Amino acid sequence: MQLFFRNDYGEGAHPIVMERLVKTNMEHTCGYGLDEYSLCAQKLIREKCGQMQAAVHLMIGGTSANVIALSAFMRPYEAVVCAPTGHINTHETGALEGMGHKILTCASVEGKVTVEGVREVCKNHQDEHVVKPRVVYISQPTEIGTVYSLTELRALREVCDACGLLLYVDGARLGSALTCRECDMTLKEMAALVDAFTIGGTKNGLLFGEALVLVNQTLHEDFRWMIKHGGGMLAKGRLCGLMFLAAFENDDYFSWARHANQMADIIRAGMERGGVAYFQKTTTNQIFPIVTEEQERALAERFAFERWEILPDGRRAIRFVTSWATAKEDAQQLSDAMEALC
Amino acid sequence: MQLFFRNDYGEGAHPIVMERLVKTNMEHTCGYGLDEYSLCAQKLIREKCGQMQAAVHLMIGGTSANVIALSAFMRPYEAVVCAPTGHINTHETGALEGMGHKILTCASVEGKVTVEGVREVCKNHQDEHVVKPRVVYISQPTEIGTVYSLTELRALREVCDACGLLLYVDGARLGSALTCRECDMTLKEMAALVDAFTIGGTKNGLLFGEALVLVNQTLHEDFRWMIKHGGGMLAKGRLCGLMFLAAFENDDYFSWARHANQMADIIRAGMERGGVAYFQKTTTNQIFPIVTEEQERALAERFAFERWEILPDGRRAIRFVTSWATAKEDAQQLSDAMEALC
Amino acid sequence: MQLFFRNDYGEGAHPIVMERLVKTNMEHTCGYGLDEYSLCAQKLIREKCGQMQAAVHLMIGGTSANVIALSAFMRPYEAVVCAPTGHINTHETGALEGMGHKILTCASVEGKVTVEGVREVCKNHQDEHVVKPRVVYISQPTEIGTVYSLTELRALREVCDACGLLLYVDGARLGSALTCRECDMTLKEMAALVDAFTIGGTKNGLLFGEALVLVNQTLHEDFRWMIKHGGGMLAKGRLCGLMFLAAFENDDYFSWARHANQMADIIRAGMERGGVAYFQKTTTNQIFPIVTEEQERALAERFAFERWEILPDGRRAIRFVTSWATAKEDAQQLSDAMEALC
Amino acid sequence: MQLFFRNDYGEGAHPIVMERLVKTNMEHTCGYGLDEYSLCAQKLIREKCGQMQAAVHLMIGGTSANVIALSAFMRPYEAVVCAPTGHINTHETGALEGMGHKILTCASVEGKVTVEGVREVCKNHQDEHVVKPRVVYISQPTEIGTVYSLTELRALREVCDACGLLLYVDGARLGSALTCRECDMTLKEMAALVDAFTIGGTKNGLLFGEALVLVNQTLHEDFRWMIKHGGGMLAKGRLCGLMFLAAFENDDYFSWARHANQMADIIRAGMERGGVAYFQKTTTNQIFPIVTEEQERALAERFAFERWEILPDGRRAIRFVTSWATAKEDAQQLSDAMEALC
């Protein structure tokens, strides 16, 4: 059987999370996320973010959270600005457009929105014949595993302020970003710079669930109406509460993410020893090597992974993903295989 | 502490379901509902429905399933016909309108859409200045616990055929309908008469999840695009697969629902002995007694339930709900209390 | 040939309007309603309304104006409250739902929304499981030709204030309402009581066009974006400017409407002499007699009109409509025919 | 006063059109485009297109026509492919996204969609995690005045057939394209190659109005419902009928467009004599010279035109537009001024 490096959502939940669900399973609580567990989780997340005035909503999934949040922030003619690789732009099957909003792509470097990119879009969208930019959407880490530095985030905050834009962070893999060796910001520092962001649970040990943190209080109004209207309100909302409690009570959320990054580092070490080229250099839990067609085939016999892209020269960019569930031995085996590749 | 009769989604999952999730927790599978468990569950449901050509999609929640399915069935100017009490009309915060579609209410009796009601709506919607009816939406059981008979369902099928309408059944509590003593249809009989329907998991022992059965093959095309576009595709889709497998493998889905109905029968027996009036007579797992303000207050000290409505004369219609998780002793206590009420 | 009483949009424009268009035809102006004629017309309308701070937008048509305005006023989960007969509810093919918003119907008397109706809807829409009422939509005159009194309008303003609702008036036939003998309010009095309203041009002498008056300044922001986004911005916007100038410069708008009402009064006089029953009594330019099948047939030989409804007893409610273009002789002929009917 | 070269919608209608409207002004007809004039115009257009089975709808404006047509052709998750400069992508304020659909931009040359561009987009949109391309949208002429050749159009037809895509042509300035000296296709040839297209009236002599030709019969169903739902149905629909009759009865539509092109040729002749550079070479009624800041200022004293873009080197791309209403003397004056520029 192949060792699993296909993605970070291939298992159930971290045992700590499962245990919590099992232990509370027969308790009776009220529904729709108004139970004590959900309230506790929301409070805990506010504390961890250092934003006690924030509103925290526990959402079912990433696309659902992005669409509900972003459409709540905009009037019908307003648009989101993001990198061409932005998840909402490429991999959500037009869900945001489905709520009526255009996505404007802007200049980016290594998957990261640039200040100049935002400024250029704003310059070109000034009158009523074009949409009005309203939100800058970034992902931390990006869809290709790169990480915004604190300096970069501050610069985006400034250009957003200058242009009257909101700044939203899709944190589907936020744990991995905040715990990678390259990252120079804390959760609190990030939270203080943005208007809203998600803390992804699905890809870091939960069965499902994303915590949406609305830092900016002008965005709070009637948000539960938006969730229900958007089909995103879970009857047994406590499940999210319990799982986020389990993840944040002892900061396990970060430990699990750190583990994933360390497993990735083991693999990267092998790649570097073997001199394997990167399609995109990263320090988070996604690794993008370039291999030949034969190497891809050989690797696929022992390891499960995704092909990312066929390069113009016929070589393959492939993707390995590690997670809280990746065993050190497995990472080492892949590392060795990469070292021996050439 | 109060005994819990507030709703049928106040606990986690049935232990059989939880066990299944725990046992498979560390297995690696592919995502988005394309894993073996999901495929097996879909096949099993097709078999149980006697509709091997049907498409089965495992959806996250009820509102999400209704909105995605119904909007997939319609062109922009088309509308759904339902009872004024229809869940999509009253308790989904305009989610279907959010996808652009009008809901037309029609005449109903005890929460059930009537053939005449459908016919009247069609008669009044003939030209391009009004929306075009396309789907009849019914709930089995209805939002107030009543059940369509096989004769009634056949009559609706006929009027739908005559008027060129699809027939859709919201089965959020389908188990309770199909296993109540009043019900004269099997799952297979129902499936054979409708174009699409849901089998609710949330309210019958699953953590969450509704199986959407697209009986009519003209509705199958690109449905996974609709799910993703509608924000309803779970990364760890196997969770639904595992839970529906657990529920249907040994027909436990029906046993759990039957248990809920039996617990309700115990309560109804007490009510009848005590001569308590019904706001709405039912044989399913929702019971709607009429009590005075004082009786309501007294009951609330020992039992958790919802107030449904204040009647013009000041009395209260209240609602008790039983479930797979209701203990017989608890039901008996409520039954005794109702008997002793007057 | 039949004399024309089918509707009030069966001709082109009033000759005064056409003349204005012809005279200015070869002038060059800038587009999209930013020309001098449009600006003048907007200013003139503000003056006539006694609302110099209002924003006036010259819209193409009624459905377009209603949908763009109402969707600009609401967040996605918010809803409009109107009478069951409200034009947006019955005769706009779900255009407002197409922009994502639910319409809630409320109790009404003779086509007019009642204060109790509004209050009841608000009482039943309090939490996030249901839509949130945001705007009360009324038509002056109503779709069945009745007219709100100043007292009734003030009462609606009060209930809207009490419930946090906006009050919007569809004035597709506003001229007819304001100049009918029953009406006890002026344009200024009406404008002072509402948040926004339209002044219909199509049905009172213009080729097309509705002036949308946004009295409430909180509704002004970015409205031209909404118009363009909604497909309602005319390249040759000056056409609306010129036509509304022609209509309002010498208050001809009201003269034309008064003429229509007077022609209707002539017909009503004949009906009363003849003892013809009303389906709905009115004082505006729509008349709704009840006739037998044979009478309907006989009338149809000489007059063009619409059948409104077949009554349960087989008789017909029919509709005559007069306009600025109705000749006195024609009205007299219909009057005589109605008098001689029985 | 400046001579007017700002756009092709700065006047009213061609005198022939106005005359027709005046002459028929007091006739009574039925509404909503079901009158004899509209029916005749539709028939005439079908004949001119050589597509007697086509459905022709007379729409109010360009954005409205594009949005209603394209959203009628697609299911919710389907997308339109167009050039980055496509009007629907850049200058309709997100109107198409407002109806729920994503726009995918593809590779283009001189504003024209390329076959490779379409193929690449299709290759990248294969599964349910991304939108599904459904329509290729092109403009003839393009937004920057270039023209597809018959060979290019045939190639697009082929790639659309191969990929299961519809081909839609925005003909806001179709007259100018079909009558320019570069064009090698007739209206009939174009109509035979596409699924649907518009024939723009606003920019070629009508007060407003675009004829939408649905060549492909599978697109006909219920289209009048789409128009009304989209707020695009004019009560006095005959206006469009009369205007299109006036324009096509004697093929004046083409004469007016040819005149506009000839006026542009006069200006181009001066530019070429003067050696003025083009931002974009064209043979239609839009001309895009590159001038210095001072030249722009000097020209602006005598001529009204639009600035298109500031180039990186500080020079300006400006735009002159000619129309049916451009006088030969005025064109000559601008031509002379351009010749004398350097």
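The first chain written gets the first letter, and so on, giving A, B, C and D; residue counts start at 1 in each chain.
Definition applied: a contact is a pair of C-beta atoms (placed from the backbone, for glycine too) under 8 Å apart; a residue touches a chain by one contact, two chains touch by 3 or more.
Everything quoted here is computed from the prediction, not taken from an experiment.
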Subject >> Omitting chain B while every other chain stays put - resulting connected groups >> reply: one piece
**OP:** Weigh C-D against B-C on C-beta contact pairs and write down the one with more.
**Re:** C-D
Original post:
Among the chains, which is located farthest from chain A on the basis of C-alpha centroids?
Top reply: C
Subject >> CA centroid of chain A to CA centroid of chain C, Å >> reply: 51
Subject >> Mean-CA-position distance for chain C and chain B (Å) >> reply: 42
Original post:
When the C-alpha atoms of chain C and chain D are each averaged to a single point, how far apart are the two points in Å?
Top reply: 34
**OP:** Would you pick out the residues of chain C that each touch at least 2 other chains?
**Re:** 76-77, 92-94, 98-100, 128-129, 131, 225, 228-230, 233
**OP:** Would you tell me which residues of chain B are touching chain A in their complex?
**Re:** 4, 6-7, 9-13, 15, 18, 21-22, 24-31, 60-64, 67-68, 92-95, 98-99, 202-203, 207-208, 225, 228-236, 239, 304, 325
Original post:
What residues of chain A sit close enough to touch chain C in their complex?
Top reply: 32, 71-72, 75-77, 99-100, 128-129, 131-132, 222, 224-230, 233
**OP:** Would you tell me which residues of chain A are touching chain D in their complex?
**Re:** 76-77, 79, 90-94, 97-103, 128-131
